[in-house]
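Look for chain A in each of the two complexes below; its partner is chain B in the first and chain C in the second.
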Partner chain A sequence: MAASLSSAGTVRVLSTLARSSLLCSSSGSRGLHVTAACCKNRAARTRVGKGEKPLTYEQAFHPHHIGHCKGWLSQHTSNLKGEEGAAERTMEDVFIRKFMFGTFHGSLANEIVLKRRGNMLIVCALMIQKMSPLKFYFLIGYTETLLSHFYKCPVKLEVQTLQDKAVYKYI
Partner chain B sequence: MAAPTVLRRQLFPLARILSGLSHLKPRSLTVCSGHRRCAVSRFPPPLTPSASFHTATPLSSSAITVTEEPDVLFQKVLVLVKSHDRAVLDSYEFFATTAAQELGITVGKVFEPQKDIERVTLLKSVHIFKNHRVQYEMRTHFRCIELSHITGSTAKVYLEYVQRNLPEGVAMEVTKTAMEKVPDHILKPMWEDLPADDKPSQ
Partner chain C sequence: MAAPGRHVGHYIQRNGRFLLCNIEQVLGHRSFGWTPAVRQQAAEVNQELPESIVIPKKKTWSKEAVLEALSSTVGRDPTACPYMFQDDPFLTPRTSTEFRMFALSQESGRDAAKFFINSNPKFFTKDFAEPHIPCLMPKTVSLVLEEVSEEALKERINLRKVSAAVDMYDQLLQAGTAVSMETTHGLLDLICFYCDKDPAEEEEPQREDTDSDEPKPKGRIHRASDFIKLTWKENNNAERIFNLLPERDTRCYSALIRGMVKYRAPAKAYSMYTDMLNNRVTGDVHIFNTLISSVVHLRVNYEARWELVTELLYQMNQQKIRPNILTFNSVLQTLRRCGPIGKSLSLQTVSEMKALGIAPSLATYEHILCLFHKPVAQKQYGADILQEIVSELEGTSLTCQDPNDVLFFATAMRVCVDTKELELGYKVHSLTEFGENYKLQGVPYQRSTYYGRFFNLLCMMEHVDAVLKWYRRLIPSLFYPNVQGMMDLLQCLDTDNRLDLLPDIWKDIKTVGHENKSEVVEEVLQLMAREKHSPEVQESFATCALDVKNEFEVKRLLQWSNLSLSNVTIVLLRANKTQMAWEMLELFKSYNRVPSKEVLDAFLTVCHSDGTPQKAVELVQAAAALCLLQTPTLATRTLAEFDLTEEQRAILTELEAAGEPSD
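And now, the complex of A and B:
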């Protein structure tokens, strides 16, 4: 699939893909072909409001800006030509984003950036200083241990904290 | 004998790597987009074995082995790196070529094969509207570094250094062309050794 959609877009694409794969009949003279719906006009775009909605830099730019003014949220080699494992990496990414969103509830300032270097999985997150540092350290250690047991690879969390969300513009 | 040269060449580059090359790390470009208040330029971790790659044994225990067998000689070692981001490949090429020059490896040519774009055309809507479609593409940029006339141990050291500092999202393919000694039995043409025979004629 495309380079990197935000979590909501990815979940929607995956659910439509799952539905379409159930509908596809494999053999027989009359096959049903269903392609994935991509909702290109609405993916990862915030609807314009009256000027009261704050947007971070990530949310302010649309997916066609990836590679121009946006970077990639999850960096791995499986989408390159001749490389395999794209589906597994995507599933891992979706799970990790949901897991982080749930563990650090309400204190994520921006989307999670996932980097895979060799065997290691590095999760870079920006947090809001909502809890005391002690609780943050516990949650970071808990996340690292659990994820490294799930995925059988070293998982490192790189966390930076802010006072509040970095707003790029208001829509 | 290849053994003393093996020993010398493995010690020398290792010493230079550990002492003088810390300024040569590629600067991984900020692809955590637009987090303006965070530290924008992140340097990859220093060349300690546990930081960049998870290894079971520390670097010091990978002992310098002195073997009797001669070292493999490579005519050409082709390092092809692929990525989605051209700027990352530019920076990595600078790092790899400078590292090769510092280690005294002759760099043949450094070129950029044409990028490959994989396009997918899908229906925009869930139901009907066949005339309205959406296209996605995945671009792969390449960069090829050719090293010529390199020994096996130098190649091992260089490739290990360069691979430990591969940025995330960059894949590498290494093609090695080895040189072998021509077997003795085909060095001279056979007809020179034959005694002066009469030609078998009918």
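And now, the complex of A and C:
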């Protein structure tokens, strides 16, 4: 579920970027990239079912609840006035979410929370106790080192484990 | 919501006290918020008991209360898991095996990542770190230069490719190019260090035991390099290249001699050294250090060993080479194997060291301690030497100057245990806690030895309250106790009559993973069943005993023995859990175990107090079925104490009679 949601988000970003580059290209190369659109009345909203679909707290609330009942999944300062690099941070976040989803496949209980403090990137993840602790530690060591070398900054993982996904309500 | 809040704030500010009194009565049970601790009334009590409302006294805090609370957060947190692990109960290690396995798996994950990074460097070269961070860039592990040149040779030396370097050197010689002395030195160092083999790439760092919890024997080695028993081969590449050299200087000799000593060819090293002397080349301090440490293998007789050492030192003096700390430490290490003359000579060595102005390191002290306190409990020196050492080192920051420094603390604690000096143990421990000295406690195995011995000393000498305080502080954040540690703790509880803590300790035993050790379990049961305690304690013992029974029955970790079954039954009977006790009797039959005399007596007493003569008769019949020797006595007792029906009497008399002839 996490992958599909974030890919829809990226897709939306990509389509806007494509359109803007179309407008300001003056070098003669015209590319038309068309991607699927995700309207704002469908983004990050789970459609109501028959009462058998379990939702976590994160999924149960819609994007307009961010700041009211939901927090932010990615925390960095580049959206403040005068700060740069918001787009790069967003791309990094997308990559890290996909990376975590693939590495800890099937063990993620909820979305990843990314916090940037100073130079450090702290990845907070909630996992299901699907594997033995040895395998968890192997993947944790692997992820930390790989991401540190990739982004040239210290990356720390903070993992909490649960028995099952914490269901908030059924839809 | 924000705007009205502002108005409320103003209102409260103006009518502060009046409002507060009113609001407190209204918001009875939500007594946190804006009331400071000084006026904290425990209004929670109001809800529970309508009969008696007890309003406790006002709580007053001292002026330093906040500071004290803050200071308790500084320093080591004994409830936290070790920092390298994730802070989650599922992912925190509980035994020393788990500690090691988790650390190793994390390390192997890191190595896997490094392997990927180094084999695909093109994805990791984009450098946007300002300033540049060299340790986060991929390392080149594959050779770049292929042509026959000195640069290529240097590259191979840097990348530690031994055989490739030797090939390159041979090719250079054949081509006739001269190789600079620097590079030759580097090449010889490389070959001698790795004994002419390519260093294997990080094979499992600890290939040895999975039978972990037992304390390892003292001399056991842990590194992979010691398992591959490399020996210096005759006429290997190092010697060959050495012989081909037109002129050989100190560094070449040094490399060869050190390599030979490292890879178990001390005799060759010594002959190379005499070679060196004959060619009138001066040695250097490293050569002498290694030769002194290899004297033990060169001579067998104690006096001969010391003679050789003095000879080497004399030659060192002649060649005007200044000894360093490692020289003296190797002298002391050799003296340890020199028998009875070692003691006096070691003190002379230390005074020589001080005369030269070299400060002793921890390894020096460790050698001296081992010389004066052999593990076979000889106590003629008391702990004076350790006292002196500790008072000298007190409050100093220690640095590691010798690889053997890390053995000091474990040895010091052993001396304290052997001489039963509690105060000295505390002083040694405070030395480890000062500044960064904890780093000198060594690898986890050394650390657990040290703490194991420290805990042993505490259990032997201290009152149980202090022991429990240290128990909470040390375990499990600093070390995981082994079977010996748990037995010590149980004995200490026994000595000071705190057996009511047994159920809690049993929970800890299960956490640490010792519930499958029969001696621990037997000891716990024995202590529970020995005497009669107060009713609450008996209740808790009964719950604990049922838990132990679970371990035996459901998890099948251990085998029941006579003693354990009897003890569990007695505990259950004392806590008046009669029904379960009868079930235990069934277990006796199914496991073919014999209940002890106390069990049967206890059963009879319970039957008597419950007034169930039928059960008593059944018991005697069961005893007869098990062919117990006590059957006739039991029968007599039953006949005497209970009022029975005629047929019961008949059965019992028969059993009584039947028992006697089979004596």
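Note that in this section the second predicted complex is superposed on the first by the 138 of 171 C-alpha atoms of A that agree within 3 Å, B and C clash if a C-alpha of one lies under 4 Å from a C-alpha of the other, contacts with A are read in each partner's own complex, and residues count from 1 in each chain.
FYI, a contact is a pair of C-beta atoms (placed from the backbone, for glycine too) under 8 Å apart; a residue touches a chain by one contact, two chains touch by 3 or more.
Quick caveat, the model's predicted, so the values are computed rather than measured.
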(request) With everything superposed onto chain A, say whether chain B and chain C fit together or clash. (result) fit
(request) State whether chain B or chain C is in contact with more residues of chain A in the superposed arrangement. (result) B
(request) Would you sort A:157 into first (chain B), second (chain C), both or neither based on which partner it touches? (result) second
(request) For A:149, select first, second, both or neither according to whether it touches chain B, chain C, the two together, or no partner. (result) second
(message) With both complexes overlaid on chain A, does A:49 touch chain B (first), chain C (second), both or neither?
(response) neither
(request) Scan A:85 for contacts with chain B and chain C and give back first, second, both or neither. (result) neither
(request) Tell me which partner A:133 touches in the superposition: chain B (first), chain C (second), both or neither. (result) second
(message) Let me test your reading of the model: by the given contact rule, A:110 touches which partner, first (chain B), second (chain C), both or neither?
(response) first
(message) If we overlay the two complexes on their shared chain A, which of chain B and chain C does A:141 touch? Say first, second, both or neither.
(response) second
(message) With both complexes superposed on chain A, which partner does A:118 reach: first (chain B), second (chain C), both or neither?
(response) first
(request) Have a look at where A:70 lands relative to chain B and chain C in the superposition and call it first, second, both or neither. (result) first
(message) To be precise, I mean the smallest distance between any C-alpha of chain B and any C-alpha of chain C in the superposed model; what is it in Å?
(response) 5
(message) I'd like to check the shared interface: which positions of chain A are touched by both chain B and chain C across the two complexes?
(response) 153, 160
(message) Give the list of chain C residues in touch with chain A in this complex.
(response) 85-88, 90-91, 93, 98, 101-102, 105-110, 112-114, 116-117, 123-124, 127-129, 133, 136-138
(message) Looking at the complex, which residues from chain A come into contact with chain B?
(response) 1-3, 16, 35-41, 56-58, 61, 67, 69-73, 75-77, 79-83, 110, 113, 115-120, 122, 124, 126, 153-154, 160, 162, 166, 168
(message) Under the stated contact criterion, what part of chain A meets chain C in this complex?
(response) 129, 133-146, 148-150, 152-153, 157-161
(request) State the interface residues of chain B toward chain A in the complex, per the touch definition above. (result) 29-39, 52-54, 82-85, 116, 118, 120, 122-126, 134, 136-140, 166-171
